[in-house]
Amino acid sequence: MTILAERVILPERRSTAGRLSDFFWRHPHVLLALLLGPPLLWLGVVYLGSLFALLLQSFFSIDDFSGLINYEFTLATYRQLLSDTHLDIIIRTVSMAAIVTFVSALIAFPIAYYAARYARGKWKALFYLAVMLPLWSSYLVKIYAWKLILAKEGILTWFFEKLNLLWLLEAWLTLPVVGGNSLSVSYTGTFIVFVYVWMPFMILPIQAALERVPANLIEASWDLGGTPAQTFRYVLFPLALPGIVAGSIFTFSLTLGDYIIPQIVGSSRLFIGQAVYAQQGTAGNIPLAAAFTVVPIVIMGAYLWMAKRMGAFDAL
Amino acid sequence: QEPLKELGKGEGELSIVTWPGYIERGETDKNYDWVTDFEKKTGCKISVKTAATSDEMVALMNEGGFDLVTASGDASLRLVAGKRVQPINTDLIPSWKTIDERMQNAPWHTVDGVHYGTPYVWGPNVLMYNTEAFKNEPPTSWKVVFEEMTLPDGKSNKGRVQAYDGPIHVADAANYLMAHKPDLGIKDPYELNEDQYKAALDLLRVQRTLVGRYWHDAMIQIDDFKNEGVVASGSWPFQVNLMRSEKQPISSIIPEEGVTGWADTTMLHADSEHPNCAYMWMEHTLSPKVQGDVSAWFGANPSVGAACKGNELLTDEGCATNGYNDFEKVKFWKTPVTKCSQGECVPYHRWVSDYIGVIGGR
Amino acid sequence: MTTAVLFDNVSRHFGIVRAVDRVNLSIAEGEFFAMLGPSGSGKTTCLRLMAGFEQPTGGHIEIFGETAEGVPPYRRSVNTVFQDYALFPHLSILDNVAYGLMVKGIGREERRKAAEDALAMVKLPGYGTRRPGQLSGGQRQRVALARALVNKPKVLLLDEPLGALDLKLREQMQEELKSLQKSLGITFVFVTHDQGEALSMADRIAVFNDGRIQQLGSPEDVYNRPKTRFVADFVGSSNVLSADLCRRLGLKAAFASLRPEAVAIAPPHNGALSLSGTVASQSFLGATNRIVVDVEGARIAVASPATQGFPPIGSAVTISFAARDLYPMDDA
Amino acid sequence: MRSEKSNSAPLGLKIAAAAGLAFMHLPILLIFLYAFTTEEKSYQFPPPGLTTQWFAVAWNRPDVWAALTLSVKVASIATAAALVLGTLCAAAVSQTRFFGREAVSLLVILPIALPGIITGIALRSAFSIADIPFSFWTIMLGHATFCIVVVYNNAVARFRRISGSLIEASMDLGADGFQTFRYVILPNIATALLAGGMLAFALSFDEVIVTTFTAGQQSTLPIWMLEELIRPRQRPVTNVVAMVVVIVTFLPILGAYYLTRDGDQIAGAGK
Amino acid sequence: MTTAVLFDNVSRHFGIVRAVDRVNLSIAEGEFFAMLGPSGSGKTTCLRLMAGFEQPTGGHIEIFGETAEGVPPYRRSVNTVFQDYALFPHLSILDNVAYGLMVKGIGREERRKAAEDALAMVKLPGYGTRRPGQLSGGQRQRVALARALVNKPKVLLLDEPLGALDLKLREQMQEELKSLQKSLGITFVFVTHDQGEALSMADRIAVFNDGRIQQLGSPEDVYNRPKTRFVADFVGSSNVLSADLCRRLGLKAAFASLRPEAVAIAPPHNGALSLSGTVASQSFLGATNRIVVDVEGARIAVASPATQGFPPIGSAVTISFAARDLYPMDDA
């Protein structure tokens, strides 16, 4: 042991780092500003700025013939947004997003529950990978794989035929709303693909939430006479809810905004994403596209606010 | 804006907005290539952006960054009005003189006597059908895609027909009504008063019940004919040719009601950064060879009569097959505007939103 | 007297780990039974076997005369107060306490009343609307107790319920628990690794080590008459005298235990045994001083009343103790 | 001690979980299967024959390589930007308290909580207002925006686990702010950053929607795939590429798992 | 004697919370100084003020005569042993111990040697290559100690360093710490909420409550002569006699404290005071029995040697104690 401090209070450091360090220690706010500056500049100024610029455009209108934007404040675009045609699109999309979210949660829960509560060691890793594999496989190629499966002359038909169950498929397709000429041009098909593509986003947050539920709460419930079903209903589910909400942020928002899935597997009835894409890209109607984006922004804004209050962000 | 005065050296690049199948560099079939040689000769490297509808083309041109667009009649005048394209100096295009007279001064690219582009190719929107479903009774009328009926194979057409996923399809309905409801008094399917328009929408609503999915993209339509059991639809000769080349049981006709169609113009963007290459390309596209090749590949008709003879790919019968002589039967796409020969007509923006509504089930 | 819990040669092995190994015990109805032992000695596992969270890998368990194997926890009239309380964080205190009644289908009003009574019993009236997160450790512990008691269990299992509390609170809770048990007459099975706690509260104590019961008896038995060196060492800070030293004191035994408080720094009086050594260290413990005397290499701790003061370190002293306080032990 | 260690799952749960996993995986198998089909133009089921020729064909397609190169470049730079910004933000949020802390954590989440099309269209119209031409950097900007949150989530989770006393201990032992960062903070968050970075990379690598709006005429791999899927030339080539990409992106994901498995979950892994 | 740490009317308020409130203290060089008090009484905050992690909102701090305000922790030759040890999980034990030397720029070889010496000193030679995760709680505690000591601090701050250890280990570490402090002569400031620990280890004790020092003095002072009711209550489980009872015993004071071990259940002998009552409860504590006697509603705890056995509950007894053991207190 060599160092013997002469003085108890050591002198100020003369190196730049030392002096800067002292400076930051005395002025923590400067340090905070330096830390927060770049991300805030990026997200707060560039990103939020772009969003606001976009929203601003929704108060302009477009010249129908030339397709050029008329830079004058007007609510005409919002009037247009609230027309029956566009309201149909909004309702259609929001209902789809809600059902997709619900069913995703339904399918995801047992997987997440098993992974969180029963899988151990190697199995746990395997489960994780099994969830991640589809998550990170090319989104487009997955959609096309489903197109193959759902087509009238596709794999599902082939299987139903082999199993002599074709009548079942056909019966389903004759149903109103969910039916159609084939699965790939019906809401059923769009729904299946949405669920398929977004469900993995639901599993991980639920799993995270379930893993945070102390095992002894479940034992406490049993101990107090709660049957497994009651334990699920009164303890496990409420405690997993923030995870479900966190996951639903993804499934809901991704369904609200997607335009590729309903275009490839769907009945040509537009979803918000398609409408935005079409108004922006095909029709060049940026004001209407911007007005359309207000819908998911408002919905997700409310959703996030609720999720934050439920503590769902910790499960993200 | 003043057109270019004289031709300079190529800028080395050229970007073009076009329809799928319009500009080929031999990637699908190496016989169909009218780009590689051009690039070699002029040093202008071509990049192609395809668009599925006229609206998309207008949007892309409005956004900028492109030199040329092969605009159909329903887009060209909008581009002119929006000042997105510039007048061209026909003197810089030696082949201008060779252009079919019917096309040279066509109203969809000529405004007040000023030309805003060179004609590319034109063609009809044909009725494509599956020969197995229709057996020996090929359809003769657009009825098969507008009204429920039993097809020759004994099954209903419900869910087995398609229609174009673009607002301009309203004109196809109007065209059908012109023949079947003459008392509506439709003279021009692109000029509809409120009553005529309403009747067209009603017809389209009936069609909605028959259509599983509207076609938006030529390739996806091909998929749907192959995998989704679709047997009849308005289409482009391009799809017909492509599927026939794959030995699919596909054929097409021009039904008795006549057809809508397109006549496309290669137009130069107002802010083009590669005008010299653009002029070279316009000249290139007017050569009988290119005109014939494009026509053969897409199933279209050349704007240069000379292309009808002696083109290896098109063959001497090609023009007749593709409807070169049916020019009069074709009602070319143009943008519906309020001011029309009937006084007041329903403008395009209503076509846009109402057609979305009809497809959405309204 | 009815037997509340009976373990007949019960084992619970996890692979090669013998968490509980051939344990026999029988707990009488109304008894306050403590399980004492170091960490990992199998106390919790025993409790979990009683609650039904674990199944024995060998032997047989009876609860009030009925076979317990295969009966799930929710069908046993046995309730547990968990070490970390395991209160439901998403429920109010009242709903926590009423939980057991709710799952049994008791009506809302009735269970509210029962829960409020239980809260009053643990001296937390009016806390019903709070959340567990808003209570202190001691309060949570009492809620956990109320939540278990409201079900009127036949046997209450408590797994180190006071482990997380600080000394003062702990002493207070010990008293409360003890008096509650007396007034309710419920059988308490109490796990702890704190010898003081076990001694002061229990009617009987089972001292565990390595999955086995080392000694089972009254607090006095265990404290004053440890059967093994392990018990002597673990229960209180006993001096363990080697065979050598025993022989010198005229005792034939492998080991003997000698409690520090049985030793005095004083010359022997009538019939007392004595040894001499030097003072090695000393510390003030408040009520007593702890003086360690080095007797030919063996260190013997002496607890002497604080009033007697410290002999200087290194000084020669004589220690004396009664022969009966020297307690011979069987094994090492 | 978890009782589940000894108990096994109820049968119903096992079946539900297995069925769910099967649902998630069968289509993937299909993608793999069609990388080997002999049919070129359309997908027939069952495939008429199997071949490995498409791997060679894909290898020799220059457009695949061009798109791949662009995607790798974009993902790398976007990941790097996200790493810096996400870490700074996580440090500020977890190590200090300030007014608006909650708002910042909300702001970071916004780009993934809002549909990608909104991010895309907003950035696109901002570019056009500011007269910024599309370039590599516009794609990167869009990607980094939604990648920040992945890094941020991982870093915040880790920062939470570094007890505050660790940093105080370092200062107590004589290390100034920079030394503390270099010797204590960085080594402790390194694996979390690596995990976050890998996920950000994979996320950027597969992004279609935002890219569509910020790429102009450039083709990243997913854009290339979209084009190929709609206008196929050799369809199985797309499957070959997809399959290779799955296998290649899988390695970083596996890595991220092992780096973070004890403790924090892979926060925001989905996305 | 040099003053190591001086607090001159120091306060640290967090908003309306007065964590530390006008504290005066002066710790002498080489002293073993303990800060004792219940949770939330401001002990940790005091320590953090010394270490430099907090700045006083009022008053003045000197360390060895130099002003400490505004000096960051890394420029103070004061080291801390944290309650949770705060070992760097990514470094080996050796690198943990050598950390302070490394950031000071000491060469690799030299600091390795110094660190190994320090590890030997805390009886962990050869543990250098392990990671903190591979050590037990007690071992970690010693590494934390070595890591602080290797810097040869003038003042060592210890924040409940033994809080997480179990009883046996704790007693052992107490002895080690005490002897280390003696041999090194470093000033120790030791925070605990365990009165036994403070009493047995410290030269002087400051008893905290609500951010203030209630009493500052030697262990005997604090234990036997509590100045306030709070101290009497907190340090050991004293009986607090009300003014009424005091008056009856001939003492003029608002309150008086009486240690249980100063009371005997016996008739008074020469000059002793006595009271009579009935036995309310009793428990066996091993070395002693705790018997609570009800004297006209006041409950007086008696610690009687276990050898004396229990009088039956409810029986009438006389308790006696020396007048000098009755210690009058100033306030409530």
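Going in written order, the chains are labelled A, B, C, D and E, and every chain counts its residues from 1.
Definition applied: a residue touches a chain if its C-beta (ideal position, glycine included) is under 8 Å from a C-beta of that chain, and two chains touch if they have at least 3 such contacts.
Remember, predicted model here, so these are calculated numbers, not experimental data.
Asker: Determine the set of chains touching chain B that also touch chain D.
Answerer: Shared contacts of chain B and chain D: A.
Asker: Which interface, named by its two chains, has the most contact pairs?
Answerer: The largest set of C-beta contacts joins the chains A-D.
Asker: CA centre of chain A versus CA centre of chain E: separation in Å?
Answerer: So the centroids are 54 Å from each other.
Asker: How many angstrom lie between the centres of chain B and chain E, each centre taken as the mean Cα position?
Answerer: Inter-chain centre distance comes to 91 Å.
Asker: Of all residues in chain E, which are in touch with two or more distinct other chains?
Answerer: Answer for chain E, listing residues that touch two or more other chains: 72, 74-75, 78, 104, 151.
Asker: Which chain A residues sit where two or more other chains touch them?
Answerer: Only 10, 13, 21-22, 25, 154, 219, 280 qualify.
Asker: Tell me, which residues of chain B touch at least two other chains?
Answerer: 63, 220, 226-227
Asker: Could you list, by residue number, the parts of chain B that touch chain D in their complex?
Answerer: 15, 20, 27-28, 47, 49-50, 63, 65, 217, 219-220, 223, 226-227, 246
Asker: Under the definition above, what is the set of chain E residues touching chain D in their complex?
Answerer: For chain E paired with chain D, touching residues are 51-53, 72-75, 78-80, 82-84, 86-91, 99-100, 102-104, 147-148, 151.
Asker: Would you pull the chain D residues touching chain B in the complex into a rising list?
Answerer: 41-42, 128, 133-134, 216-217, 230-233
Asker: Could you list, by residue number, the parts of chain A that touch chain B in their complex?
Answerer: Touching chain B: residues 63-68, 80, 83-86, 88-89, 92, 151-154, 180-182, 184-186, 263-264, 266-270, 275, 280-284 of chain A.
Asker: Give every residue of chain A touching chain D within the complex, in rising order.
Answerer: It comes out as residues 10, 13, 17-18, 20-22, 24-25, 28, 31-32, 35-36, 38-40, 42-44, 46-51, 53-54, 57, 107-108, 110-111, 113-115, 117-118, 120, 125, 128-142, 144-146, 148-149, 154-155, 158, 196, 199-205, 207-208, 211, 215, 219, 228, 247, 249-250, 253-254, 256-260, 273, 276-277, 280, 286, 289-290, 293, 296-297, 300, 303-304, 308, 313, 316.
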